[in-house]
Amino acid sequence: MIYLGCDVGSLTAKAALYDSEKNQLIDTMLIPVLATARASSDKVITALLEKNSLTASRITGTCSTGYGRFECSLPSSEKSEISCHGLGAFWSNPKVRTIIDIGGQDSKAMAVDEIGMVVNFVMNDKCAAGTGRVLEVLAAAIDCSLPEMANAALKGKGKVSISNRCSVFMEQDVLLLQRAGHSKKEISFAINEAVADRVKGLAKVVGIKREVAISGGVSKNPAIVRGLERKLGCSFVKLNHDPQLMGAIGAALFAARTAEGK
Amino acid sequence: MDIRDKIITTASTLENEYVKTFRSKGGKVFAGVCTFTPAEVIHAAGALPLRIRGTGSKATDKAEVYYSPTHCSFARHTLNQGLSGHFSFCDGIIFVSSCDHARRLYDNWGYTDSPPSVRYMMTVPHVGNEQAVIKYAEDLRRLAAFVGEQTGKTVTADSLHSSIKAYNEQRRLIGKLYEMRKRPHPAVKGTTMLYLWQTLTAIPVEEGNAILKELIETVDQNPDPMPEGAVRLFLASTHLEDPERMAAVESGRALIVNDTSCFGNGHFSAEVSEEGDPFLALAQRTLLRPSCPNIVDGFRKRLDNVEALAKEWNCDGIVFDHLQFCTIGDAEAYIYRQEFTKKNIPYISLQHELYGGGAGQVKTRMEAFTEQIANIKRNNA
Amino acid sequence: MDQHQHPSVLLETSVKANESLLKILKYPRSAHFLMKHVVGPMLIDHTPKWANTSRTAVLKLGAGYVDYRALEAIRWCLVAAQKGYVAGLDAFKTGKPIAWTDWMIPCDIVRAFGYDVYCPTTAFAASAAQGPDGGARYSAITEEAGVSDVLCSVDKAGLGSYLAGDLPHPSLVVNGTHPCDSARMQCMVLEYHTPDVPTFTMDTPYGRSDYELDRWVKSAWELIDFIEKNTGRNLDWAKLEESARYVHRYTVAINEAAELHRANPAPPLMGMLNLLWRTRLTEAGREELAISAEKIRDATHWYVEQNARKKAPKDKLRVLFGDQGVVWTDFQAWMYKHYGARVVADYIGRAYYPPVDFSSKESIIKTLVIEKLYLSMIRQSHGTMELNIGETESLMEEYAVDCVLFNNNAGCKHNLALKKILSDTCSRAGIPALFMDLDIVDNRYLSEREIQARIANFFTTYGLA
Amino acid sequence: MRSIGIDIGSRYVKAVAVSNGGDKGFGCVPIRGDMKASVKKAICEAAAAVPSSLFEKTKYRMTGTGHAGKTLYPFSSPSQCLARSAFEFAPNGGIIIDAGAMVIEGIILSHKGKIIDTGKNERCSAGGGRFIEIMAKALGVEFSQIDSLFEKSSNPYAITSGCIVFAESEIVTQVNAGKKLEDIVAGMITLIAGKAATVCDILTEKEERPVFLSGGLSKFKTLQKEFERLSGVKCGKLSVDPIFTSAYGAALIARDGK
């Protein structure tokens, strides 16, 4: 049986197809969001189905998640992105018990049990300084793409730091550091440290239980990942699928669990 | 009109129909800042006690001249309302020294000479023991003398006793309503309760009691709708007054069945003794029951109380929702997290602005929280 | 709980730092020479790597701008402070009983029960021994534990030092309900974490009316009663009276020294009074502190006489610090070097303490505990705005200041809510005021460079320099 | 004699050249990489309109917050330059509110041009121009459309988040929920205008003084209108483009100097 998971976030929309008999992922798709959540979910689902020459009728169940979850174009159940990220990461690597997810607008830490169900979580409430969006804004401030910034940061030695913790003023700090003649790699390092610092707190509150994995778009940024590993004193295990797709994969798994009563 | 609609209408504005009627008969209205301002004392002086809230406030830009954006939004919104003259229908206003944000309301209100021009600062203790009770009774006596002077009606032991009786009846009635929330299908949900609190704290107690009686009858037959697979939750909170916020917390399958909000159960619980010195009785009731986090040595009482109530009302989890930048709320939330994590009781802490914003965020969190509870329950089973 | 997993970084570094300072100050003349001609000029504007941890201390000690007489006085203050740190460290290592007190608690009374006293809150200052980011480190520990980032960083540092496992376990806790949410909440969280320790809370009054003061004094007697009942110890009245005499000597000397700063040119010792204040929070009633205060007074006198004899030029720019001082750095020497600006009064250093009345046991207790309400930072956080307006107005006038600098500490909610009112107060007096929006303990908020830029901008904008 | 004022902001270098005769020249260059080069370019642009003979020395004055300690010329504080500029427009004293990229700052001047009081907005409420920039980008709205969109709105949406990143997410949610674009744009303008009005209220002794709105944001006519509505004052018109107010002040200081 084929199940579909759809995750419409604030920056990207993702979808995943899952075959429950083989317990395998069939295919996934990721697109930047369109004007409305409805349009995004429409597009990502249609594209994924077309690519795999499937029609909507072949899908046994759909589950949607993310901020746009109530706008899914197929009749579907809804699950919070926290549960989906948790289950997705767990399925991708069943050793995982703690997941740190840095998304566009929010970052979160979750604890899952032996079957991948979330038993505790914390999200950033009050300050946006530990999110992917801030990384983007700051990368733009030094005229870098995100991967460029991450690579540069890996070469940084920590000669400068960004003391301000508000995203607006962080940007100003970055501009000033740049003008003071500091190298791109040092500034990038400082940016990544500052963001990692904000995320570290969440992980500490939820409690670190091994193994730990990191998901979400920012997990592709090696500088943040290493910074966090160092700050938390543990190394992250690898997820066997694209860490940005955990939400969609988790949603597809939930669709299967709901339909098959597991 | 359904009594629920009446409650919603009354709660939607501070200067409601009851206030207007009361004033048109020459009655005086005294607004008070938090649960430490005893309604009984104002009532005994012949005035209408009205609990201050930010209802109707859309911005805080006027207040931010005096407050920083890192002050709690209750202080900013209410000062903004004060500066805009929205409290000019009141004849007096009573401030308390409960927390930093609240006590500076008195200073900034007075400094800007915002209406009403009759303003009083009542000091309150920050511990809950017998000695503090004696001191608080004195604080109350002074308040009574002040309000009595303003209304021309001296507060006597007798008048205060009869006020206490009226408010005790209100407490018993609302207690009944809380009892009805123990049912498998609770009679009222949190959002309805929030409207009710706001109505009761802004109209004469006698009429409030009448409304309560009618509401109890109505919801007994016709309870609030309940979401399918509802997850019963306990709401621990400091100040929460935005109905939309409460609705967001109660979105999805979440259902609030009891609380210690300082507008709700934290305000209405525990009767005042009708014997002996009424000031002492009021002080005892306010300070010795599980109270607001301002009473620093009372956290153990509060924790035990929350746990006991949550158990008695058959709650599956505890939500702590406090105002952003509320110092005492933050510390309290931390203690709750430590305690309930230790005891394996599902717990979530949220923060909000007095009005608006973050509905999407809180929905996601509440949804995840109810899912988390379901997972834990299944694991336990 | 006398077995600790880790050493107490906070106390070890504080003891070590104090040790070195005491060694240097043993020879105040050469210390002064060294600071004035060698170290000061290197450190006032820059932070060379080698001086990262010691620079703040040098700046706090005047960076060569204060006379050796004052350094000698400060040595005595450090001896007192060191006794406190050593007692704390001793209790940490051996499990010797120690009492935790909050800072408006009459620690002299608690000490008269034979207790050593440690005040968790003082981590905000002690952490500076670990360098300018010591406070930030402890604040961060608290934030990461999920307590809050809206607490005042003074209390975040205090909580952080507990959460880091750096504090000796108390056998008695005396809390206060200082009218500052953050301080109260620190006490509450610590009390939660030390459930089996007898804890007494003194409810600090909001106002100064008779019945409130009466309650405050009564609570001191309740405290005495509580300690006797819960610990089986008795109050040593002779010891208390001896302490009270030292407190009194301190009071008389400090009041005079503060008054003398009205002189123009003013003695440069306001910063030293600030250091004494910090030490007296926990070490009030120690003889060394009384000696230190008297020596500071003598040094102040010496300055005033010296200036008069030499017909020294008037101060170029007289500055009032309108609120708490920055802990992790100091820019008084920098201001003096570049702008000739002299801090002539500050909210912390300048104080007027009521004298102790020795006529009876009752009067000693009464005056000792009421005196605590006049402590800087306790004094200004009470009551309504009139208190703060009055203090600012009288300081501006009495000390003839040219401008006021407010740090506007990020977590200080009650002060932040007076910003407009105090700004207007200064305007009415025709005195320019700068609100710096910094954090006095946590250097992640506003860096020293930014602070200096703000001050420089302020001075030039208003044509003060 | 020619004097040039240079204002280094967070994104742009602005330069104004003035002659003793009253000629003015303007230059505005985005800062890319090397700041020195951008400064030079802006100076060239400004100087082109105010020619000077080879034998005359040009006087320079620099200001702004974006210089990172590298002051190439004598430096005056941003407040001083704003004040000097305002004094030119309001010789009898006045108030100037400068809505910059990060911070909104206000200054009152006495009739002698002396600064009486200054004020600015604070953390968690910061972000003037940058706020609008990020919001407009998220909404896919051009700067040129903002005024007309505002006019179309009948029911402005009140943005509740002070933090830029959260506000961005809030408005994206609102757009997705079907809120009209113009209502959100209007809400955003009202929010910033409210912040400017707050800064204006922070200042003491402002009775009877003309008020000027400067900085890039004041280019939005509707923002100025909202500001007037919220603060209850009437704004005067600046005689230079509002983005050059500081640089112009710096040039005047240079000219006045010895």
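Which chain is which? They are A, B, C and D, in the order written, and residues in each are numbered from 1.
Here is the rule we go by: contacts are C-beta pairs under 8 Å (C-beta built on N, C-alpha and C of every residue); 3 or more make two chains touch, one makes a residue touch a chain.
Only a predicted model underlies this, so the values are computations on that prediction, with no experimental measurement involved.
Ranking A-B and C-D by contacting C-beta pairs places A-B first. Farthest from chain B, judged by the mean position of CA atoms in each chain, is D.
Per-chain Cα centroids separate chain B from chain C by 38 Å.
Centre-to-centre separation between chain A and chain C, using Cα means, comes to 46 Å. Annotation for chain D: residues 69, 122-124, 166, 169, 173, 202 touch two or more other chains.
Across the assembly, chain C contributes residues 145-146, 410, 420 that each touch 2 or more other chains. Contact with two or more other chains is made by residues 67, 126-127, 205 of chain A. If you sketch which chains touch which, every chain touches every other chain without exception.
Remark: chain D residues 121-125, 158, 160-162, 166, 169-170, 173, 194-195, 197-198, 201-202, 230 touch chain B in the complex. For chain D in complex with chain C, the touching residues are 69, 76-80, 83, 114-119, 122-123, 202, 204-205. Touching chain C in their complex are the following residues of chain A: 122, 126-127, 163-165, 197, 200-201, 204-205.
Of all the residues in chain B, the ones that touch chain C in their complex are 65-68, 70-71, 75, 97, 99-101, 103-104, 106-108, 110-111, 121, 123-127, 131-132, 135, 138, 293-294, 296-297, 299, 325-328, 330-331, 333-335, 337-339. Of all residues in chain C, only 140, 143-146, 149, 443-447 touch chain A in the complex they form.
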